[in-house]
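Across the two complexes that follow, chain A remains constant while its partner is chain B and subsequently chain C.
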Partner chain A sequence: MTQLNKKQLNRALVFGAFTLPALLAILISVEIPFLMSVFSSFTKWNGLDRVQTFIGLENYKELFFDDPDMWKAMLFTLTLTLASVVTTNVCALLLAVLLDSDLAGKNVLRAAFYVPNIISLIIIGYIWRFIFSAGFESFYQSTGVEFFMFSWLGDTHLVFFSVLLVSVWHSLGFYLVVYIAGLQTVPRDLIEASMIDGANRFTQFFRITLPLIMPSITVCVFHSLSNGLKAFDVILSLTNGGPGTVTTTIALDIYRTAFVINRFGYGTAKSVILFLLILVISSVQVRAFKQREVEV
Partner chain B sequence: MKKTMLVLMLLLVAFSPAFAAGQQEQKTGDVTLNVLFYSPELAEQYNDMVAAYKAETGVTLDITVLQTDYRSVLTSRLNSGDIPDIFMSSAYADNSTYKDYVYDLTDEDFIKKIEPSALQGVTVNNRILGYPFLVQSHSFIYNKKVFRDNGITALPRTLGEFEAVAKKLQANGVQPFATGFKEFWVLPQTAWQAIAEVPDAKYGGFENFVSMLNTGKLKFKDIPEMSQLFDLLDLIGKYGGPKPNESDFNDQTSSLATGKVAMIHQGNWAEDSIKKTNPAVELGFLVGPTGDNAATGGIMFDSNQTIRIAKDGKNLQAALDFLRWLTTSEYGRNWIPGKVKQLSPLIGAAAPDSQIAQETTSLLASGTPGYPWFYQMFPTGTEQQLGAILQGYCAGQTNRSQTLDALDATYAKIAKAAL
Partner chain C sequence: MKKRKLTSSFLSLVLFLVALLYLYPLFLVVINSFKTFSEITTNVLALPSSLEFENFLNAFRIMEYPRYFLNTLLATAVGVSGVVLVSSLAGFKLSRTKTRYSWVMFILLIAPMMIPFHSFMISLVKVAKQLHLIGSPFGLGVLYWGLGASLALFMYHGAVKSIPHELDDCALIDGASPFRAFFQIIFPLLQPVTVSVIVINTMWMWNDFLLPLLVLSGSKKSLTLQLAAYNFFGLYKVEWNYAMAGVLLTILPAVIFYLCLQRYIIKGMVSGAVKT
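Moving on, here comes the complex of A and B:
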């Protein structure tokens, strides 16, 4: 027994030694800076002065009790995330099913849907900004359709849908590829067996395909969720948080607190809260989705 | 395979520290100044100046020009110890933002060659902490041809007169304004000008006005003249075309150049962009309305863009020599009026070949008030944050009293953190 224990311990030590370099690298480049920024969140610091004043929990107190703007940004972020997770994944899955079938020119289509994903979001924001203003105006002049004359980026209600459209348009391709890969792992024989048993296409999809591609869904939802909560670049270039503050996301709010108002301490306090939020939401989501995955 | 290996090895050598060190040794003979500037629209002029300086003195200016993320890049470079020898910032509130890093220029000989009025924004307790780079003005720019074609001969000075002009233009099928409301910096510039006469008239000057705001003794909601500001924004929004909240700087300059709109609220820096669209455009500068009092309507005239010298830089002396050259050499004196084509803060400088700069000079000469950019005295960060609140007002997100409350709350918070 002790012999075995010793052997196990030895093995553990050897494996531990192998991971040591990676562990050190991660410690130095990720964990220590992270802890330093947690420390900054307890200070009053403008990012430039040579001293950081320790003020305890003041930043967190202000954050929770005296910052309605941040909570508005938080609400907007959550709404946008929910909407984009649902829209992106439903659209991507539908398109994946379509492009996984024997469609003429499906390779070209797959590539076409993927292209926006390669372009930087900042560029995409500027392109769409142009489309929404100048592009839509010429559409209106040539077609006369009232739809194009709506102020898609200037109206406080419409702007939500513009942002949603652009972020879905950008990320669709990536999730599409993941779903197609997932669909190709579904064994043909199961589908054939269900056909013999008399299942129609809907039953097939919901009873066989969907449960079997659950791992892809877990990955995609996780990815789109954390991306949604961190949404920044598309907002910065498309609306810059406006009009007013209607499209300010929590990440943009943090950026402005730290780099525009020069409140680094307070900004890091906000980002610690964002970190905790993403941590909680993502782990709940992954746990919930993992339980629904099935093995063949 | 062998070839690939060779290329890889070469790359490795090229990026290795040994090689880099060798390069540095080569350079020790001549000085290289590290410069961080903004206003990329001036990139050509910067490069021209860098080449001239290199030719005259042999000193290299390693210049980086940024715009939107300028502040964040500067902050992180100062933080990480990679301090540029020469950098730019705004005047007023930025004096205290960068106080730990900037060199005190008070006793330098070349400072005496600058107009005292231009030094106002960089002076703290009689110490001069920056070098005013150029003098700028902002107000309403109009397309003279559009005004002529629509029979507008009397130039507007009050809110009522502006409205009458806008109505007439609209009736003739010309869009009166391009708003620029999408830019966070255009909105506050437009808005604060509408109350520019108030601090002097009622609160004992701009400095006192701002310090009353900073200490919370004065609230925006207690200033009755704030209605002038809202009236002006309403007017521009109402006559600003079908999508007033989507107009940005490019829209403003190109629409004015082509004559699609008659007026924009912008500064003399916009002239270059306007002329790129239409080189033959005739531009005029209007007095901005402060309510309905024609006598107090004025233009915003100040030296805001400031060059700062890092006090801990390795090349402090060389950086000072550069400023001296910019102030005294023939090329340096002619650079702002001749190449940048804006107003120079130097005493006795030549007049630039720019329509708006010339109109600025003649407006000021005829007794029109030139107000300082007092909103730059507000604590750092207020420009963007208050701009966003005003943008919300223009988009109908908040009404007047909600907007005033939001302005007060945000201002108080930033002031508390900054002071």
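Moving on, here comes the complex of A and C:
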């Protein structure tokens, strides 16, 4: 009996020694702060004082009924996310299909498109600020095309497309390599069989390839969705949320609420909303996309 | 057959042109970082008439590049090695132990994959402050452990399944301690996952901006390269020659890392993405 207990105890100790470091790290960096944020969202707290005054649902009331800026940020984030998810995935998939064929230098091409992805987003924003201002001015001088004279970062409508372009430019390579990996799993004999049956390239793509790479599409849309909803760095360096507050995303709005105007309690309420938003949108997306996945 | 070959080489030519256009902005950054200020204002597109290395010397000096490079290296090294250690240990044990508690622990450890960083960053700063992890690259690295562990653990957990458990059983029967059995027998077999985990986390920590901004911006000595670039760019918004030299210096380490390990990086990033 005692021998058995000792063995059990020993097993538990070993289990603890292997798993507790990870648990401790995750509790400290993610789970405890997350629970604290949920708690703080019901308080008024300026970040400096030790006291957090409990104010019930006041933060949420203000957020829903009295904060048009936050809703503007929400709307901008959702629109930008939708646009970038569609553009990135369509372009990446198209490019992946082209690169998946027997092409000279396809590895070099794949590596080339991946390059922007290794650069930090904050730097990406600065690079494009340079292109949109000094670069476009020179383009205009040498080509005379009116297009380059538009105020791509200063105009409240055009700036949307600038941010979209930069986000897509940065992330395309990443989704490209995921799609290429997905395309490589499509069995060649299925493609050949459809060719013998007389299917043309388009039918082949939409009827065979696309359903078979659905898992890659699920993954890529999931990642581009959550990256879009979390956009922060590139906005900060490219537009700083402007002109005005036109390109302020939810993440930037949360950051400013807490660390610029010191309303920490209110900031945490916004961050809880962001969590719920991402949770709901991604689970709906994953469920909807998973249903369309097929088995070979 | 001949016709097919022709269209294929035509397609590859077109794609090469598209790729060149795609990377053209980066080319502009490179050539303009070698120009004088007046040369940039006259024409951005022209090649530099002479190579102005002074831009780099200036950026290097004003950014205090060496110090911030070492800071970033320290934070990344501490972060990556911690993530590899804690997540391989836990991933292995949780994959081998098939009890209810083990399952609960597993869920608890991978749940953070569903929690976006921005939804708890405000309180994370508070926790970090209380644990004195704020204001030093080392503390930043420690904070990365928990942030990177979930995905890495998930990847290790899956990979351990394909390693026969007879291997660790034998080592234990032969009298090895559980840790020794893990580090000498299992861990070397997990090398492909370890490479992916290192790649994913290095790219992320090296390029990360928001967490360093939150926990380091108060102490000037412990900034990372990305933060230094952020400050530097704020100073030289209009002097594009300095700004572009700074940009180039900041991205150089990542580019070299990529050029040397390109195959592993792409493979690692893909495997990380597909796992979630």
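As a working rule, the second predicted complex is superposed on the first by the 267 of 296 C-alpha atoms of A that agree within 3 Å, B and C clash if a C-alpha of one lies under 4 Å from a C-alpha of the other, contacts with A are read in each partner's own complex, and residues count from 1 in each chain.
As a working rule, a residue touches a chain if its C-beta (ideal position, glycine included) is under 8 Å from a C-beta of that chain, and two chains touch if they have at least 3 such contacts.
Owing to the predicted nature of the structure, the values given are computational and were not obtained by experimental measurement.
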> Thinking of the overlay built on chain A, is A:A269 touched by chain B (first), by chain C (second), by both, or by neither?
Replying inline: neither
> Does chain B (first) or chain C (second) touch A:V168, or do both, or does neither?
Replying inline: neither
>> Just to be sure I read the superposition right, which of the two partners does A:V177 touch: chain B = first, chain C = second, or both, or neither?
In response: second
> With both structures placed on chain A, which of the two partners, chain B or chain C, ends up touching more residues of chain A?
Replying inline: C
> Now for A:P21: first (chain B), second (chain C), both, or neither, which partner does it touch?
Replying inline: second
> Is A:F259 in contact with chain B, with chain C, with both, or with neither (first, second, both, neither)?
Replying inline: both
>> After overlaying the two complexes on chain A, where does the chain B footprint on chain A coincide with the chain C footprint?
In response: 47, 137, 255, 259
> Which residues of chain B touch chain A in their complex?
Replying inline: 71-72, 75, 78-79, 97-98, 100-101, 181-182, 184, 242-246, 251, 380-381, 384-385, 388-389, 391-398, 410, 414, 417-418
>> Applying the document's contact rule, which stretches of chain C touch chain A when the two form their complex?
In response: 8-9, 11-12, 15-16, 19, 22-23, 25-26, 28-29, 32, 40-41, 43-45, 82, 85-87, 89-90, 92-94, 97, 102, 105, 108-109, 111-112, 114-124, 126-127, 131, 143-147, 149-150, 153, 178-179, 182, 203, 206-210, 214, 226, 229-230, 233, 240, 243-244, 247, 250-251, 254-255, 257-258, 262, 265-266, 269-270, 273-274, 276
>> Help me check something: in the complex, which residues belonging to chain A touch chain C?
In response: 14-15, 17-19, 21-23, 25-34, 36-37, 40, 47, 98-99, 101-106, 109-123, 126-128, 130-131, 134-135, 137-139, 141-142, 169, 174, 177-178, 181, 215-216, 219-220, 222-223, 226, 229-230, 232-233, 236-237, 250-251, 254-255, 258-259, 264, 267-268, 271-272, 274-275, 278-279, 282
> Across the complex, what residues on chain A touch chain B?
Replying inline: 44, 46-50, 69, 132-133, 137, 149, 151-156, 240-246, 248, 255-256, 259-263, 266
